[in-house]
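Chain IDs A, B, C, D and E follow the sequence of writing; residue 1 opens each chain.
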Amino acid sequence: MQPSERVREILSWYPSDNPGTKSSLARLMMTGRLAGTGKLVILPVDQGFEHGPDRSFAPNPEGYDPRYHPDLAVEAGCNGYAAPLGLIEAAADRYPGTLPLILKANNSDSLGGPADAWSAVTSSVDEALRLGCVGIGFTIYPGSDHRNDMYGEIREMTEEAKAKGLAVIVWSYPRGHGIDKAGETAIDVVAYGAHIAALLGAHIIKVKPPTEHIAVDAAKKAIEKAKVPLGTLADRIRHVVRCTFAGRRIVIFSGGEAKETPQILAEIKAIHDGGGFGSIVGRNSFQRPRADGLGLLKSIIDIYSK
Amino acid sequence: MQPSERVREILSWYPSDNPGTKSSLARLMMTGRLAGTGKLVILPVDQGFEHGPDRSFAPNPEGYDPRYHPDLAVEAGCNGYAAPLGLIEAAADRYPGTLPLILKANNSDSLGGPADAWSAVTSSVDEALRLGCVGIGFTIYPGSDHRNDMYGEIREMTEEAKAKGLAVIVWSYPRGHGIDKAGETAIDVVAYGAHIAALLGAHIIKVKPPTEHIAVDAAKKAIEKAKVPLGTLADRIRHVVRCTFAGRRIVIFSGGEAKETPQILAEIKAIHDGGGFGSIVGRNSFQRPRADGLGLLKSIIDIYSK
Amino acid sequence: MQPSERVREILSWYPSDNPGTKSSLARLMMTGRLAGTGKLVILPVDQGFEHGPDRSFAPNPEGYDPRYHPDLAVEAGCNGYAAPLGLIEAAADRYPGTLPLILKANNSDSLGGPADAWSAVTSSVDEALRLGCVGIGFTIYPGSDHRNDMYGEIREMTEEAKAKGLAVIVWSYPRGHGIDKAGETAIDVVAYGAHIAALLGAHIIKVKPPTEHIAVDAAKKAIEKAKVPLGTLADRIRHVVRCTFAGRRIVIFSGGEAKETPQILAEIKAIHDGGGFGSIVGRNSFQRPRADGLGLLKSIIDIYSK
Amino acid sequence: MQPSERVREILSWYPSDNPGTKSSLARLMMTGRLAGTGKLVILPVDQGFEHGPDRSFAPNPEGYDPRYHPDLAVEAGCNGYAAPLGLIEAAADRYPGTLPLILKANNSDSLGGPADAWSAVTSSVDEALRLGCVGIGFTIYPGSDHRNDMYGEIREMTEEAKAKGLAVIVWSYPRGHGIDKAGETAIDVVAYGAHIAALLGAHIIKVKPPTEHIAVDAAKKAIEKAKVPLGTLADRIRHVVRCTFAGRRIVIFSGGEAKETPQILAEIKAIHDGGGFGSIVGRNSFQRPRADGLGLLKSIIDIYSK
Amino acid sequence: MQPSERVREILSWYPSDNPGTKSSLARLMMTGRLAGTGKLVILPVDQGFEHGPDRSFAPNPEGYDPRYHPDLAVEAGCNGYAAPLGLIEAAADRYPGTLPLILKANNSDSLGGPADAWSAVTSSVDEALRLGCVGIGFTIYPGSDHRNDMYGEIREMTEEAKAKGLAVIVWSYPRGHGIDKAGETAIDVVAYGAHIAALLGAHIIKVKPPTEHIAVDAAKKAIEKAKVPLGTLADRIRHVVRCTFAGRRIVIFSGGEAKETPQILAEIKAIHDGGGFGSIVGRNSFQRPRADGLGLLKSIIDIYSK
């Protein structure tokens, strides 16, 4: 299937990338039920690393099996599947060349670790190539004491990934001892995190849906002076998208903690209305029984298809 | 001898590995009295590094001799022998190509060291190749402040080992200032440690037999809600195995401190009943007089043979 | 257009550089309305990294678009455009080979970071080559606890940039726990910062316009004994230029915080009168409505043209 | 001269080493008055680094001259000469290919340094090759906070040295904030240090003559239970040798601080009786007038010749 | 001009160096008015880095110009000129191949920096080659907490410089929290610093003229027991020279702070009488008016010529 006009338009926002990387982005955008729309729904499974296997898979024990997730992604019509090294290795043979894979190249666990937020690099660009992935995923925590280390790691991997024809997907979650809990999802902070990811050269940026809270005084002053409308989630999504190169970068949103279906779908609708490019839906999909998870993903994709 | 059906089945769980690595795994599984069963009993001798030579070998002075251990492993019908560089070098010529060797590539001593748990890297993948090993062994301490360093070290070695046809065996022992003594062997923590090792790309994972204790509240809630049976050791082994890619990774168990024979054999039986893939038996075998050690290993292997 | 006599003279101050680097410097000096004068007005857009997108672009929302800035630079007749990786990538195709690009290779955000001042390296010399840049920009903070790390980073990048035909532009901002706020712009400290950048091998050095304050007692004694005139900004600019290899290095000045137009132009006039080589004008240009920004840049360039 | 039977036997303990490294070991064992006996007396001159030139050479000012020491080693009939880079460079031309040289590749001074014990790496394997050495010398301090760094350094150098045909001599001195002064020479701690060096892959291990003190409770229990005789120095030497791969590694002993001749010779006799492989005699030889130093070395070598 | 007999003799002290490095040393010793004597007077200009441009050049404003210093060195008949990267680059074309240049490869500023003494590496061996230098200069601070880092840096650069035919000049200034101000120039500490530099493989060693103070008790005891004469500066110079491989390494002395001419010349005379190999004269030469500076250098060179 040839790339749609919309996909070609989106690719035109990346004039500095080589044909290899553009092909990887195109593969991601031309897969699944959203193929050609420029919208993305990706299934991520790194919860086992973040919270352990019990909290991740006990609610729906089928999820303990590494084959469950790519099967779910394909059946639901997702654009791609993102996971740490071991999970990708365990199932890279199921849909070779057809299900776009994203190697989540750094990860955290909740047993301990460095004093301030800093994920451990757990795989490499060459591993992503070996496993036939279309890109790497990388989490940054702007605001952490370890910022320079993290930005250094993503700088090296981004340079290598782009040279080798892969896409770079950055999870940008501002966090650190200077940012309080409410600040982590404040609209100015989320927008700042997305902007940094874009400046670091990310092709696709994943952030959390922002709240109405504004954490930094100087940002508040600027936003209020410019009368930026932030009253609805759609407004805030629109603002985040604008803060990410005026909409010329793909910004997608995480689903966060497991929630009730109506609440999730309302959020997805707001993201779609605000011009967001899609969602990463992990816990809300794979922690439900298979039929429920498929149903939810289908409903989400339906919204983005409109 | 051609790989058995069961061994071929186990190898099929590693679809992303090259023939070199699969051959190394196969050699380990096709050696000794358990050849072909998919079960493993491995003799590890890193106690001298961990606790010093006196605490390790004074109980059975034959163990001071580096030739003693591979001889014991072969005579007992073990699948392989794991040890630090010096011990492998001292005896690599005894059973060339026949006794599978695992180079324990990082080690700790109990004289001092870094503030939080972190083994020192003491050899390399190329050294393992030079010495004819089938794989490397590496200890991680999820929960340590030095997590990122450790995961970085194992990431590099794993990538290199897999490219060079070796197997990767990870000792995963959650430990650090956020985990108390009881937590180190809690069922949720052991399962989490095994899952992390699988996500990091380990082929074989070694953990401690877990207790009934659940250390993390959120894990407790999830486990209780799902009514996971954990009352017997066999139940807990089954749970750990499920948490490690639903049984699609080889998980083996350490014997821990020296104990009485009946106690050991009861534990082994529970591991076997719970679907564990085998044991690493160090102190309990080489610290006994030769005949006793051989006898115990024989009894253990008998259990796994059933 | 052939390099002017003045440009050839300036190039003669860099006898150790290869023709590649001299060509890059010449391209920068032979572009825009100041072409051939040896004066430079450069548009830098790293405020989004430093302060976030809202504080940077809300005042003039056109600035959210990565295409706005190179367009502004070209239309205003600037010599070049400096920005972090993402912004350069997003617009490198607009004026290929005609608008000199400077890749700002390290950057800070204001969400957190290392304890003492230290920008994160966010791109590389090879990225600058890939994107067709004439040089790299790098910020040092002499006075920081992390001085050795920073000087080490700029040392490596400078050596590589010079070997590969690029120019090196250093932002030198003395800062650290031993320098108070007033000290950061003290004439002796600014001059010291410029001198260090020259010793580190910078081709172009950017500093802040200095105040009359002298921060270090021993420097005060030396300056007073030598009766160096420092009463006017032009005097102080002249002193900074002299401290930078007696005028044989290109020293340009930042505009600092957004200000009123007359104040800005008076400052520019003083820089020009004192023999400064030009200005980097960011916030004062792109945070105004397009026409205003263009008007201001035009007025600044007019002053430097005389 | 062909290697003696005893030397061939000792070489057989190193079955994993290449002919280059075995030749280097053979050269060391086939030089001087102890040639062929398998015993070694080596002259080390790193006191100038450790304590400064005055404390080292003022007692016998001839020692200030870098030519004095290799001359002394040759005249006394030592097996080899070990020293830091500068001293080897200054005298490598005196007995080219005939006096085996050991490049002491890390060193400490007593003016300051890292918080916990950690020698600085001051030369490399390639430097040892350039200077025609048979091996490198390296000091480890098991028990130091910097253990992982040190073991990492020796790991890299050992791997490279062995690949390039050199021998590795490790000075193992347990030391650190968890070991008190008496503990540093306790029999269990010395034996542990020797065992670690062997596990790290050392060919020759140098430790201090141990005292009767046992520092670690668990070791004490094991030693007492096994009724290991430790009453005389010869007993303790025998125990250290056993703890070092049951005598299948070359273990030599340092002389320690300058002492009276009878005391020294008694100690040497005990080392010889206990099966020790020789001595490193520095201060006690080069700090005496030449004739005295030669006399002492001669007496020592006489003891080992028996 | 062919090397003199004395120069050939001095070169014979470096039997392990390759012809390239020996040629570099010979060039340094066969240049200027002291050519062939084996004595050296070198002009160093790193004061601008250490203390800033005002304190360095305001006293004699001609010194702001990077061309002033090599001109002064040549006109005065110095053996060579040492400076950081930027200064060498700015004037490397003035006397190509005739004025020996020494690239000062690490530097400190007095605005801040690491907690304990540690210069930043600011250029490289390859930069020295690119600029046609005969050697690199490097400052070590024995006694600093960062000792291992520093010795590691000089180790790598020394190995590379020697392989590439350059000379290594080490500034050895013991300093750190364990050494008080008086201790930094104590005779035992200066001698220790010189000895360490020699052990690290330096060809030329620069230290401060020592005082009569002895800082370390054990050194005092050794010195007094040996009745080393230290009453005059010439005595102390002689002792330092002896502590540096019994005079078989080139040891030169710094001039220290700006002083009156007679005081300086008396010091030079003592250095010459004590067998010192020359001086590095910075502030005392370039901070005076040109004629005065030339006059002083001429007088100094006259003393060393006798």
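Quick note on the criterion: contacts are C-beta pairs under 8 Å (C-beta built on N, C-alpha and C of every residue); 3 or more make two chains touch, one makes a residue touch a chain.
Remember, predicted model here, so these are calculated numbers, not experimental data.
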item	value
Fewest touching-chain hops separating subunit C from subunit D	2
Subunit C and subunit A - chains in contact with each	none
Between subunit A and its twin subunit E, rotation from the CA superposition, multiple of 5 degrees	145
Subunit D and subunit E, separation of their C-alpha mean positions in angstrom	36
Separation of mean Cα positions, subunit D and subunit A [Å, integer]	58
Residues of subunit B engaged with two or more neighbouring chains	none
Touch-based graph of the chains, sorted into line, ring, star, complete or other	ring
Chains in cyclic order, anchored at subunit A, direction fixed by subunit C	A, C, E, D, B
Subunit A contact footprint on subunit C (complex, rising order)	48-49, 51-55, 57-59, 61, 64-66, 84-93, 107, 109-115, 118-124, 126-127, 130-131
Touching residues on subunit C, where the partner in the complex is subunit E	13-17, 142-145, 147-148, 151-152, 155, 159, 174, 176-179, 188-189, 191-193, 195-196, 198-202, 216, 218-219, 222-223, 225-226, 228, 242-243, 245-246, 248-249
